[in-house]
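The two complexes that follow have chain A in common; it is paired with chain B in the first and with chain C in the second.
So, the complex of A and B:
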C-alpha cells in the first residue's frame, strides 16, 4: 500500500496538467469533476496509506520512496524522493482531506465565475506543491514545493485580476514571503557547504554528530530556516502580507491562508527540530516570536471590521501558538494544533464565504447582522468554529490542542511563566474577538438582504468540518482526563518527546480549569460588550472618527506604514536616482543606433519601381565593370 | 552579302539595351515599360545571334528562340498585370504602385 505514495501528489498534479491543456474545451461540470475529483481521489489514497501506515508500521517507522534522481552536479545529487513518517502522514491526510472539502465547496462557490477552469488549475497545482513540500525527502525538493505553494498563493490572491488592487495584494504577499524564502535558500546553501547533503535524515544526523549545542554554525542555520518559516507563516516581522491576502476568493483563504500553506513554516521547524534543539537561543526566539505575534494579531483582530481580515489575524495568532509550542520543544503539540486549526479555521472561512456570497459580496461585519435565522447552516458552523477557536472547554477540538500548548509553555523544560501568561492573555482576547464576530454577524438586526442560499456542495463541507471541529481533539486528551493519547504516541515515532518538569502546575486540572475559565470569560465579555449594549454597538459602528487605538489596531499596528517608509519609498527613490547611471546610456545608445539604422534603410524602401530598377541597373553596371576591368 | 562584324552587332545590342533601360527609368506608363523590356530582351537576343554567327554555331539562334518564347510569356503575364493594375488603380502609372514602401 505504501508503494502508492507517489500517487498522492501525482493526482492533483495530473489534474493541473489536464486542466491546463484542455482549458477552454472543458465544460464547467468536467472542470469541477477533474478539479475536485483529482484531490478527492488523492485524499482516498492518502487515507488508505495512513491506515496501512498505522496498522502495520514500516521498519524504522518511516517509509522512503525514491522515484528518480533529479540531477547530479558538483556533489549535489538530490533525488525526487518522498519520505513518509508519522508527521508527514498527518500533514498529508489533512491537506488532501480538507483540500478536497474546500474543492467541493469551490465547485459551487465559484460556479458563476469566469475563470472557473483557471481557478481549479491553480488550486490543483497548489495541492500538488503542498504535498511535495510535506513529503519531500530532501530540503531542495521541499524548497521546490515551498516555492510552488508561494507561486500558487500569489496567483490565487490576485485571482480576480481585473481589480488592480487584488494584483497589488498578490504582489505584496509574494514579495514579503520572498524575504523569508531568501533566508531559507541561504540556509540551504549553508547546510550543504557544511554537511554536504540536503537529504533531511542524514542531514539531521550529521548536524547532531558534528555540531556542538549552541555552536555558531548551528545557530546560523537554524536562524536562517526560521527566517523562511517566519515569512511563510506570517509571523512578526513578516506578517504584513496575510491580511491583504484576503483579496483572493474565500476558498483560497480557507485552503492556503488558513489550513495548509501558512503552516508550512511550522512543518519546516518541526521537520528540522534537531537543528533547533542544537540552537537553544533560536528556539527561544521562536517561542518569543510566537507569543508576540499571537498577542499582536489578537489586538489587531479586535479592531477589524472586514470578516475575512478578522479571520486572517486569528490565523496569524493561532500559528503564533504553534510557534510558541515549537519554541518550547512541544513539537507534537504544534502538529496537533495544526490539525485542529486546519479543521476549525477552514470551517470558519467556509462559513464566512457562505455569508459573503449570501449578501452579494459584503465583507463589512457591521453591514451584516441578524443572519442567525436566514443562514442556519452557516450560523451553526460559525458557532462551532468560533467555539473551537476560542477553545471552549471539553466540546471543541481547539480546547485540547490549545490547552496542550498553554500547558507546554509552562510545563516544558524550556517553558516559562511569561510565555504562559502571554498564551493565556491571547486565549482571552481570542474568545472576545471570535464571539464579537459571531454576535455582530449573526445577531442583532438584519442590515443587508440575503440573496443566495447555499446548496449541498457548500453545506456538506461545513457539516463535515463542524463534526471534525468537535471530535478532532479527542485523539489526545490531557493527563488529568485519563491520558488517552494515541495521536501523541503516533507522533512520538517521528518527533522527539517533549521534556517536561515533573509535577509542574501546568499539567494539573487546576491549570486546565483556569484556561477553560479564561475562554468562557472571554465569551462573556464579548457578550457584555456587544450584545447587552446595542447602543454601544451602534456608537461603535457609527463613530465617524474611530478611536486612535482602534485605528492603530485596525491598521495592524502601523507595520505597513513603517515598511512603506523604511523599505518601499527608499528603494523607489534609489531606483529613480540610479536610472541615470553608466549602464543606462550604453543600452539606450544601442537602441538609438538601431533606430537610426532602421530609419535610413526604411527610407530606401520607397515603393518606387523605377528607382529600384535604376539602383539594380547601377549595381549591375558596377559588378560588370569590376569583373571586366579587374 | 558582307557579314556583319561582331563589334558592330554588339554595339547595336548595347545601344538597344540602353535605350530600353533609359525608357524604363524615365517613362511612367506601364505599357511603355513593358515595351522597353521587350527592347532590352531583343538586345540580349541580338547579342546571342551575333555571337553565334561569329563562331559559326547554331547555339546563338537556339538561345534566341528561347528568348522569344520567354518574351511571349512575359508579355502575356505583363499585360494581364496591366489590366488588373488598371482595374484597381484606375491609371497605368507605375509610380502609383508604391503601397509596399517601408
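So, the complex of A and C:
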C-alpha cells in the first residue's frame, strides 16, 4: 500500500495538467469532476495509506520512496523522493481530505464564474505542491513545494484579476513570503555547505552529531529556517500579507490561508526540530514570536469590519499558538492544533462563504445581521466553528488542542509564566472576537436580503467539518480526563516527546478549569457587549470611523505604513530616479566629447588656403625646432 | 569533419536564401528554416549518439589536465591556415560546445519562426543575415585558435548590426551603432590581449602560436597577466553584459526585431559566459583570483540593479531586456565562484535563460505585432482578450523569477550554493535579487495582462504556430527543472577540465575548500571554548 505514496501528489498534479491541456474543450461538469475528483481520489489513497501505515508500521516507523535523482553534481544530489512518517501522515490526510471538501464546495461556489477551469487548475496545482512540501524527503524538494504553494497562493488571491486591487494583494502575498523564503534558501546553502546533504533525516542526524547545543552555526541555521517559517505562516514581522490575502475567492482562503499553506512554517519547524533543539535561543524566539503574534492578531481581529479579515487575523492568532507550542518543544501539541484548526477554520471560512454569497458578495459584518433563521446551516456551522476557535470546554476540538498548548506553555521545561499568561489572555480575546462576529452576523436585525441559498455541495462540507470540529479533539484527551491519547502515541514515533516539569500546576484540573472559564467568560463578555446592549451595537455600526485605537488595530498596527515607508517608497524612488540608467550619462558623455572634438576639428577644415598654409608652416617649424633642439 | 558542417550549412544557406528571394521571397523562409533545422538535427543526433562518449571521456581522462585538453574532444578539425604566423584552423567540440551549438541552432530556428509573419521587407537579405550570424556563432563556439575565435567573434557583429539597423524599431540606428561601438571597442581590447599573449608566449618558448591549448600556462609577471585578463574581461563583460557595461543591451534589445532579440538574448550574450569559462579563467587563473572580489561585486550589483531597472521600465521589451542584465549577473557570479556547483549552475542558466527570455521576447514581439505598442501604460487587462497569451506570459514570468520546478531555479540555486562556499555575502545578496525578480515579474504581469482592459484592444490569441513554439519552450524548461542531469552530465567534462587547468591557482576548488574548512574549524573551536 505504501508504494502508492507517489500517487497522492501525482493525482492533483495530473488534474492540473489535464485541465491545462483540455481547458476550453471541457464542460463545467467535466472540469468539476476532474478538479474535485482528482483531489478526492488522492484523499482516498492517502487515507488507505494512512490506515496501512498505522496498522502495520514500516520498519523504523518511516517509509521512503525514491522516484529519481533530481540532479547530481559537486556532491549535491537531491532526489525526487518522498518520506512518510507519523507527522507527514497527519499532514497528508488533512490536506487531501479538507482539500477535497473545499474542492467539492467550490464546484458550487464558483459555478457561475467565468474562470471556472482556471480556478480548479490552480487549486489542483496548489494541493499537489502542498503535498510535495509535506512529503519531501529533502529540503530542496520541500522548497519546491514551498514556492509552489506560494505561487498558487498568488495566482488564487489575484484570481479575480480584472480588479487591480486583487492583483495587488496577490503580489503582496508572494513578495512578502518570498522575503522569508530568501532566508530559508540561505539556510539551505548553509546546511548543505556544513553537512554536505539536504536530505532531512541524515541532515538532522548530522547536525545532532556535529554541532554543539547553542553553537553559532546551529543558531544561524535555525534562525534562517525560522525566517522562512515566519513568512509563510504570517507571523510577526512578516504577517502583513495575510489580511490582504482575503481578496481571493473564499474557498481559497479556507484552503490556503487557513487550513494548509499557512501552517507550512509549523511543519518546517517541527520537521527540523533537531536544529531548533540545538538552538535554544532561537526556540525561545519562536515562542515569543508566537505569543506576541497571537495577541497582536487578537486585538486586530477585534476591530475588523470585514468578516474574512476577522477570520484572517484569527488564523494568524491560532498559528501563533502553534508557534508558541513549537517554541516550548511541544512539537506534537502544535501538530494537534494544526489538525483541529484545519477543521474548524475551514468550517468557519466555508460558512462565511455561504453568508457572503447569500448576501450578494457583502463582506461588511455590520451590513449583515439576523441571518440565524435565513441561513440555518451556516449559522450552526458558524456557532460550532466559533466555539471551537474559542476553545469552549469539552464539546469542541479546539479546546483539546489549545488547552494542551496552554498547559505546555507553562508545564514544559522550556515554558514559563509569561508565555502562559499571554496564551490565556489570547484565549479570552479570542472568544470575545469570535462571538462578537457570531452575534453581529447572525443576531439582531437583518440588514441585507438573502438572495441565494446553498445547495448540497456547499452544505455537505459544512456538515462534515462541523462533525470533525466537535469530535476531532477526542484523539488526545488531557490527563485529568483519563489520558486517552492515541494521537500523541502515534506522533511520538516521529517527534520527540515534550519534557515536562513533574507536578506542574499547568497539568492540574484547576488550571484546566481556569482555561475553560476564561473562554466562557470571553463569550459572556461578547454577549454583554453586543447582544445585551443593542444600543452599543447601533453605536458601533453607526460610527464608520471609530476612535484612534480601533483604527490602529483595524489597520494592523501600522505595519503596512512602516514597510511602505521603509522599503517600498525608497525602492520606487530609486527606480524613478534611475529609470534612464545611472551609468548611461558616462557613456553618452564619452559620445558627447567625441562629438565636440569632431566639431572642433571640422571647424579647422574651412577651405581657406592661407589658413592651411599657415598651420602647415607652424607645424613644420615645430618639427624642425624639435629635431634641432633635441 | 562534422564540425565543419555546423558552420558550412548555415553559411551556404545564407547566400542561397538571398538568391531564391529574388524570385520567390517566401522561399527564403524555408531555406532559412532548413539552414537552422538541419544543423540542429545534426547536433542533436550527435549529442544523443555521443552521450556514452561524453561519459567515457570523463572517466578515462579524469585526472591530468594534459589528457583533458588533448584527448577528450568529441570531434576536432586541425588544419594549418596561416602557418608563418602560427594561425591554425583549429575547431574542437566538447560537452559545453555541444550545448552552445544546440542553443545556437535552436535559437536560430526560433528566430526564423518568430519572423514568419513579422518580417516582410527585404526578406531574403534578412534571412541571409540571420543565417550568417548563426554560422559565425557556431564558429565562435567551435574555435580553439584564438585568432580564429576573434575572426568569428567579429564576423557575427556585422550581420547583427544590420539586423538591428535595417529591421529594428523607432531608434534602430542609434541602438545599432551603440551595439557596434561597445562590442567593437571591447573586442579590440581583447585583440590586444590576444596579441600580447601571442608575443609573450613566443618570446619565452620560441613557438609563435594562437593555439589556445598551447598558450595555456604561459608564464608572465602577475601585473601583465592582470592587464591581459582585463582585456579579455572587457570583451566578455560587454557581451554578457556585466554592470556597468550593460547600457548597450536595453537599447539593442528594445530596438531589434524579435528575431534579433532572440538571438541576442539566447546566444550572443552567452558568448561572454562561454569566453570566460573557456578562455579567460584558464589562461589567467591567478589574475582572475585577484580580480574575484571586484568581479563578484559587479555581479551582485548587476543582479539587483538590473532587477530594479527592469521594474522601473514602462516599455515592456526594455523591461525584459533589463531582466537579462539581472540574470547574467548570476552567470558572472558563478564564473567567479569557479567551483563545480556554480559552474554547472552557469551552464544550466545559459540554457534556461535563453529559453525563458527568448520566449518573453517572442511574446513581446507577437504582442507588438498585434497592438503596435510596447508601452505598458497602453496595455492592461490583456488576459481577458487573449487568455492563452496571458497564461504563457505568466509561465515565463514565473520562470524569470526563479520558480522551483523550472530550469531557471536549478541554475540559480546551483550558482548561489556554489557562491556561498566562496563568498557568503555575495550569495545572500544574489538571493535578495530573487525577491526583486519577483517584484518586476509580477509587476509586468499586472501592467500588461491583469486589471481592467480599458483601451478597447481586440486581437487574436496565439495561433498554432506560436502555441507550438511556446509549448516546446515550456516543455524544455519543465524537463530541465525536474531533470537537468543530461545537461549537467554533458557539461561535466568541460567543467572538470576547466577547473583542472586552474588547479595550481588559489582559484581551484581544493584551495577554496581548504580555506573554508579552516574557517569552519576555527568557528567550531571558538564555540567550544
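Just so it is clear, the second predicted complex is superposed on the first by the 577 of 630 C-alpha atoms of A that agree within 3 Å, B and C clash if a C-alpha of one lies under 4 Å from a C-alpha of the other, contacts with A are read in each partner's own complex, and residues count from 1 in each chain.
Here is the rule we go by: a residue touches a chain if its C-beta (ideal position, glycine included) is under 8 Å from a C-beta of that chain, and two chains touch if they have at least 3 such contacts.
Quick caveat: nothing in here was measured; it's all calculated off a predicted structure.
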*So, A:489: does it touch chain B (first), chain C (second), both, or neither?*
neither
*Of the two partner chains, chain B (first) and chain C (second), which one does A:416 touch, if any: first, second, both, or neither?*
neither
*Looking at the overlay, what does A:140 touch: chain B (first), chain C (second), both, or neither?*
second
*Give one of first, second, both or neither to describe whether A:586 is in contact with chain B, with chain C, with both, or with none.*
second
*Figure out whether A:212 sits in contact with chain B (first) or chain C (second), or with both, or with neither.*
second
_If we overlay the two complexes on their shared chain A, which of chain B and chain C does A:167 touch? Say first, second, both or neither._
second
*asked:* Quick one: is A:614 in contact with chain B, with chain C, with both, or with neither? Answer first, second, both or neither.
replied: first
_Let me test your reading of the model: by the given contact rule, A:27 touches which partner, first (chain B), second (chain C), both or neither?_
neither
*Between chain B and chain C, which residues of chain A are contacted by each of them?*
none
_Taking the touch rule as given, give the residues of chain A at its contact with chain B in the complex, in rising order._
601-610, 613-614, 617
_chain A-touching residues of chain C, taken from the complex the two chains share_ = 243-244, 246-247, 250, 305, 308-309, 311-313, 339-341, 344, 381, 383-384, 394, 398, 403-405, 409-410, 413-414, 416-418, 420-421, 427-428, 431-432, 434-435, 438-439, 442-443, 445-446, 449-453, 482-485, 488, 492, 516, 520, 523-524, 526-528
*Which of the residues in chain B end up touching chain A in this complex?*
21, 24-26, 28, 94-95, 97-102
_Partner chain C, residues of chain A touching it in the complex_ = 68-76, 80, 140, 143-144, 146-148, 151, 154-155, 158, 161-164, 167-168, 170-171, 174-175, 178-179, 182, 185-186, 188-190, 192-194, 212, 214-217, 571, 574-576, 578-579, 581, 583-584, 586-587
